[in-house]
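Okay, so chain A shows up in both of these, paired with chain B first and chain C after.
This part shows the complex of A and B:
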């Protein structure tokens, strides 16, 4: 419920995310933990945002390269610092921009280096996952509370 | 109840064993346990647990944006429930480990609180309350436990019998 409380306060579906790729190096490395905030009305060029394309499973962390806005909405174009081209190829077919209100999950406001590597280990390494589960099971057997 | 062997160096374990055996001990003396404190804690626990489950279910079924208002409402109710739980355990329950009523006498109510004040001192602070009169005493654990680490039930029964009869004589 702390997690849910945080997601309501920040208005972000997932207020803390883990960087999975090196596309934002040298700013963020794989395994960095990012803290998001999604109560800002507009993003500026240079902000690092997390967005989720409809129908794609994994959110992406990239930097805002261009923005267009009026008083109702804002369109963004993003690019990974370490990528040679912008993200047009990553968007849905025929999608030319990200909609600030619809696609953006949050803007990065803080980070902790490397801490998120634990979750990468759990999701990508079977032995680590079952080892950890085993340890949990053991500790629950030997502890009273 | 199965006798458990304790690590005699752990005051926490020693206290847990004494707490666990209190209903049995008081049963010997002629008291029946009253579960109203545990029941209230369980009720709050179940309700908040169901609310937490509902939040995650709503999020899964409706998605973040559609479930937002329900989640805010449930979160508010959940915090109220947890605040009550915290209030209840810290001011009402405190260190109460046993509440019981006399099986024969007209509703003699006994409340027993136990506490280890300093975890490096093997001393148990026991407070026995009989119909709103109470005695508080520090008892060394070696009165209740033998060298191998088992609880000796007879001294514990004798101890509480003595406390209760002192309290009873106070009344007259």
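This part shows the complex of A and C:
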């Protein structure tokens, strides 16, 4: 409920995301939480954006390196702070720029360190997942109503 | 009787509301301190700008045809002191040199990055750089920069330990013109 509300207010499909890779280190590390906003008509150079390339499963969090806009459209080139080259190689074949309207899922405006690591543990570490599920099951067995 | 679940819920509710008050206080203090440190009106000097343009043919240089693409590079001096961007909540400062130039129509505009630097230690906040080459070879959506005028400016982004990302532009922007492309070597 809160999630859907937040999603509507920010106009971002997922208003809070967890960082999964180290390509923006030292700014963002794995497990950090990012808060997104997607009601801006344009992005500025230096903004950190989350974008999704068609056919690729995981959204990417990188910084805007160049922007070209007119009154209708904006094209962006991005780069990870910790990567040696820009993202041209990450885009689709023959795609030279991101389209602000189509590809950008949100702009990062807020940051909270480490909290999201729980979700990484749950999705990537099966012992942690089953341990957590086991604990929940045990607590429901032992509690008195 | 309180069940384990109810207690857990109460504790987490308390924790969440306490945390959100703390977060709010941190953000307010952080932004207020930046304001009082005059972070939004810092001076900078950009000098001895040299530009060069050549035509490159690789895809990574923006070329998609045999015609190639104009690529622009610059060399410059920078003098500035970013110390007041560092306070107790600053994890890193990302400082970047951008050029802004007009597009074909009056509504269009372009901004590109030539150089950037990550500063994590306040001791490195004083920048005094001589004859630095830009990190990036820049191309436009059009084939050519058409020797347009552009404005160079230093911009910064503070990455906090917790809270909002803060952006600003240093004073002391400088104009330059894209140079004519050099003749390709035969």
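Things worth noting here:
Operating definition for what follows: the second predicted complex is superposed on the first by the 142 of 145 C-alpha atoms of A that agree within 3 Å, B and C clash if a C-alpha of one lies under 4 Å from a C-alpha of the other, contacts with A are read in each partner's own complex, and residues count from 1 in each chain.
The rule is short, and it goes like this: contacts are C-beta pairs under 8 Å (C-beta built on N, C-alpha and C of every residue); 3 or more make two chains touch, one makes a residue touch a chain.
It should be emphasised that the depicted structure is a prediction, and the values quoted were computed from it without experimental measurement.
Considering which of chain B and chain C touches more of chain A, the answer is C. By the touch criterion defined above, A:81 lies against chain C but remains apart from chain B after alignment on the C-alpha atoms of chain A. When both complexes are overlaid on chain A, the residue A:137 reaches neither chain B nor chain C.
Of the two partner chains placed by the overlay, only chain B lies in contact with A:7; chain C stays clear of it.
Within the superposed three-chain model, A:110 lies in touch with chain C and out of touch with chain B [touch as defined at top]. Common to the chain B-facing and chain C-facing surfaces of chain A are residues 144. Those residues of chain C lying in contact with chain A across their complex are 1, 3-5, 23, 59-60, 62, 64, 91-92, 94, 96, 98, 103-105, 107-113, 116, 118, 120, 136, 138, 140-141, 155, 157, 159-165, 167.
On the chain B side of its complex with chain A, the touching residues are 13, 16, 52, 55-56, 59, 64, 68, 71-72, 75, 78. Residues 26-28, 44-48, 63, 65-71, 75, 81, 85-86, 88-89, 94, 96-97, 108-113, 139-140, 142-145 of chain A are the ones touching chain C in the complex. Partner chain B is touched in their complex by these residues of chain A: 1, 4-5, 7-8, 13, 144.
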